[in-house]
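I'd like to ask you about the structure that follows.
The chains carry the letters A, B, C, D and E, assigned in the order they are written, with residues numbered from 1 in each.
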Amino acid sequence: MKEVINLPVKNIEEEEYHINMGPQHPSTHGVLRLVVSLQGEIVKSLKPHCGYIHRGIEKMCEKDTYPQIIHLTDRMDYLSAHINNHAVCLLVENALEVEVPERVKYIRTIIDELNRIASHQLWWCSFGMDMGGLTCYFYGLRDREKILDIFEESFGSRLLHSYYTPGGLMMDIHPNFQANVKAFIKYFRKKIKDYDDLLTGNVIMQLRTKGVGILSREDAISYGVTGPSGRASGFACDVRKHHPYGVYDKVDFKEIMGTKGDTFERYMMRMNEMHESMKIIEQLIDNIPAGDYSAKMKAVIKLPAGEYYQRVEASRGELGVYCISDGNKTPYRMKFRSPNFSNLSALDHISRGVKIADLVAIGGSLDYVIPDIDR
Amino acid sequence: MSAESLILFFIVGAFLVGFAIVFAHFAAPNSTNPQKAEPYECGIPTEGLTWLQFNVGYYLFAIIFLVFDVESVFIFPWAVVMKEMGMTAFIEIVIFFFVLGLGLLYAWKKGALKWE
Amino acid sequence: MNFSLYDFTSFNQWIDKFLYDHLPAFWAIAVEMVIIGVAILLFYALVGLFLVYAERKVCAFMQNRVGPNRVGPYGFFQTIADFIKLMLKELIYIKNADQLLFNLAPFIVIIASFMAIAAIPFAKGLHAIDFDIGVLYVIAVSSLGVVGILLAGWSSNNKYSLIGAMRSGAQIVSYELSVGLSLVTIIILAGTMQFSEIVEGQRDGWFLFKGHIPAFIAFIVFLISSTAETNRGPFDLAEAESELTAGFHTEYSGIKFAFFFLAEYMNMFIVASIAATVFLGGWMPFHVGSWTGFNHIMDFIPPFVWYIGKTFFVIWVMMWFKWTFPRLRIDQLLTLEWKYLLPINLVNILLMAFIVLMGWHF
Amino acid sequence: MDNAALKERILGLVPDAEFQENKQFLTFIIPPAKFHDFAIILKSEADLAFDYLFCLSAVDMVKYLEVVYHLESVSHKHQLVLKVRTEDRENGAVDTVCDIWRTAELHEREAYDLMGIRFNNHPDLRRFFLEEGWIGHPLRKDYVDEVNIVEF
Amino acid sequence: MNSIFEYFADIFHTVKSLLTGMKVTGRYFFSPGEIVTQQYPENRKTLKMYDRFKGEVIMPHNDHNEHRCTGCGICETACPNGTIEIIQARIDMPDGKKKRIIDKHIYHLGMCTFCGLCIKACPSDALAWGQEFEHAVFDRSKLTKTLNQPGSSIIKDIVE
């Protein structure tokens, strides 16, 4: 009938079956393209292809002044926008040796943690969706809305805030902020039980994730997998603990650590981090000191010539900002060490030999945000 | 109605699909675009052959399935008469299931019930 | 007890007699066929449209949403609007696809569901064909639909579809067995495979209650495996939108896609009907032992309403499954069948046979 | 090991490493020829154990291209910055370190793509973000693209 | 024997965990009070944005059609995207000097990233956030807005 019916008979072992997952694929959470080599259902290897939304943020930074850079960092890992802003602000403040008011530090820490919870909520719902449980998506988003409402009331926007400026904040927090945050924590402590009932305890989810996609501690360090994904493998990489910034040295919190490094462990890291973040917020929310919401900064910020590096703990791992200044008002070179970029590099390693469904689950548990990779 | 009228259901079903497809063929817009006829693979042209020998992990299951499916043909008539025949039928099916269960247990222990 | 109020048998006979009296034999059959054909078609379309709407509403409520509410009151005409839209969508012909099989696949899935509907008793006297091997027939026909899915996935010349087809192949070889064996459990109790007699046998109590524990286990097994048979819920591996974009129907557009969609819902309706008929007494009202007054009230509810109510209850449970659980992986799908459902089923059949033997059932 | 001791140790290993003043990190400029062997020692020696490469950046200093490695030891908590320079802008090459720190594989591909630094022995040195056949390396200071870069 | 016990324990745990999940969705199914959907176009009248909501950049005018913008151009330099363009005009002052005033304050909404630097930078508080959020238009040129109203003038007490 047709030539295609006469299938070429080859040794099955030699047969390479390439499949493109992405750029237009529901499970890549963005425009990432993975070329997956399959053998039946089993993934033999995969190659990531990036750059579909590369915007050249590092190049753009070279012509922007330091306050202007803030709005670009929002757009890297848009789910932890505040934390990205925080990195650049800290870099500038440390370079200029500006003492930031205590109030600012408290507010920044609280908002970072809120942002982390919001980010993990979105991760949870998209992870649930990757596993095939669509209902998770709506529960996660429903609760994330509460945080976004708090953000909107205080800073006027829901996703990309540009709220921090070098030296302080754009404006003071809204008078309702503290009450709303406390109400949210009370609300979310109740709702997070639903998450556990619906997905964490579910036997299908556990069977699919336990023992799948194992990343050893050595590999996690070697691949630079940080954040919850790295800590699941036992890599103590929490910047908040090891290189404290903000008021993290004053609060009592645990660095959530795992041992097995499988998909389920990575899942549990984030679930536990949400509890830990709520604990941090509770310790701080009533103790915000009075004071100015910004330090006095010069109208034109010029960093002294030299090199600066600032690390913060974004919700997906360690975010590093490397800046070379030649004394001008714009940086000479700005490099962002984004957590997802390094986390992605481990994907090929840990997904060899798993099934397609596991690949999707592993991708969900690594929680990559593509704009952060592409920058 | 008799069993021959099954053909009616066959025709009605075929008519529904056929009619709708023919209707859509005339009513729907038609634009020819070579890109549209490409198989969907996330927006990237597909590499290599699609139809090639595929290593599916369930051919052993398929064999066990065949065994059990044939056995179930015996079980159905037995089930109908079980009530009337009583003890004889029960003892027979116990023996039958014992053999069947041994087969399943053997496959299980041999690892045939594992993917790959 | 008096069912004559809602008995369709005499009505059918009256139509039959009327046609034969007034028309030659050939035309009488022809007219009768047309009437039945149109009735089935209408019923099929209505149920399909309603189920799509119901699923949207059910999942919306489970997800704290309101669901469709723009077209018509409570969005009731949303599916009709969608159907019209799908009718008017372009049919895309895929290069290098196996055109014959590609076009044949929607026919197979729809015809399979039509053929299965033929054997389902909706009310007393209201069924198209009353086979004496009804249960076996329905199992046979309803598993045909999966062949359509297999063909659709294979013929599309798309890698996602092909993997979807492979998965549906794995599903065929597994879950058909469990569906059959769980029904066998009830057949032992009923002593017949004819649907009308099975329903009749539940006049004094549904088989779910009459058969004690084994009937209950069989019901659960049937629910699980029939959910898998219909490619739904946690077993939608052939479709698996987060892994295979749309699985077997990735390449289907417009009305052809709609037929796969429709067939899925109709298959769900069919298996729910079987569950309602075999386990929950079909169109028989709910009776409680000696509560004569209560039973009388129950009798006044028409059998068709009973049947539809039970069916939709089962459908609702299946939707509940789908909107709660994450999807299984392919090897777990097979493990569930071969290591859990099948042994449980076999033991269950023995248990039921033993209970019937000892006469412990009601 | 504190920074002073670490400095001694490294200068002992590579005597011609150039020490660079930096408030934050201990910084050395390493000659490209000795770099790869030195990197292996950095990771394998028990008292150094720099097992975590947390940032790899490429910098265009106009006169030369530079690769900056930010290293940390997870067990000892000390940090180190290494710089490797290549004078040749077109064919300059640096030895890859992706056999030592796996994370370098993608970082080096990014550096190659955007800055045009070649890495010897890299297993898969292709463009990462930009398409194959893209002309030029955008992060270089002399890169001009009148279509995509809009000046205000 | 132990494995047989495990086998049944597995089944038990499976059923239990599945029922726990179904309890959650089932509970929400029967509690319509928890529905969070907002009926957007219908609730336009009652929908109120937060005070600080960043809808667009506006230039508030008072009742006499006066604004506070001096046309200094600081917002133009503060903006990272070139969203703002200031067109200045020169007028003759009564004392014979020429003075630059604002002619058009052009705002390209389509390029704005809502970072708020222009508002923060403005020395005379001429700019503010507007609450409007329905920005969708069919023609992109409609997104280019002139913020100072026609015929408006600067409030007298603003000194440069």
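Convention: a contact is a pair of C-beta atoms (placed from the backbone, for glycine too) under 8 Å apart; a residue touches a chain by one contact, two chains touch by 3 or more.
In this text, all values refer to a predicted model and were calculated from it rather than measured experimentally.
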- prompt: How many links in the shortest chain of touching chains run from chain A to chain E?
  reply: 1
Query: Which chains lie in contact with each of chain A and chain B?
result: C
Task: Select the chain at the greatest separation from chain C, using centres from the mean of Cα atoms.
output: D
Field: Core chain by centroid distance, with centroids computed from Cα atoms only
entry: A
- prompt: For the chain pairs B-C and C-E, which is connected through the larger number of C-beta pairs in contact?
  reply: B-C
Query: How many Å are there between the centre of chain B and the centre of chain D, using C-alpha atoms for each centre?
result: 58
- prompt: If you average the CA atoms of chain B and of chain C, how many Å lie between those two points?
  reply: 15
Message: Nearest whole angstrom, what separates the Cα centre of chain A from the Cα centre of chain D?
response: 25
Query: In angstrom, rounded to a whole number, how far apart do the mean CA points of chain C and chain D lie?
result: 64
Message: Among all residues of chain B, which ones touch two or more of the remaining chains?
response: 41-42, 46, 51, 54, 56-57, 115
Chain A: positions in contact with at least two other chains: 4, 17, 19, 25, 40-41, 135, 142, 198-199, 202, 204
Residues of chain C touching at least two other chains: 62-65, 96, 157, 159-160, 166, 245, 323-325, 330-331
- prompt: Tell me, which parts of chain E touch chain C in their complex?
  reply: 11, 18, 21-22, 24-26, 28-29, 32, 34-37, 39
Statement: Residue set of chain A touching chain E in the complex reads 64, 67-68, 70-72, 74-75, 135, 142, 145, 152-157, 160, 162, 165, 170-171, 174, 194, 197-199, 201-204, 206
- prompt: Which residues of chain B touch chain A in the complex?
  reply: 41-44, 46-49, 51-57, 115-116
Chain B-facing residues of chain C, complex: 33, 36-37, 40-41, 44, 87-97, 103, 106-107, 110-111, 113-115, 117-118, 128-129, 131, 135-136, 154, 156-160, 162, 166, 169-170, 173-174, 176-177, 180-181, 184, 187-189, 191-193, 245, 250-251, 254-256, 258-259, 330-331, 334-335, 338-339, 342-343, 346, 349-350, 353-354, 356-357
Of all residues in chain A, those that touch chain B in their complex: 4, 7-10, 12, 15-25, 33, 39-42
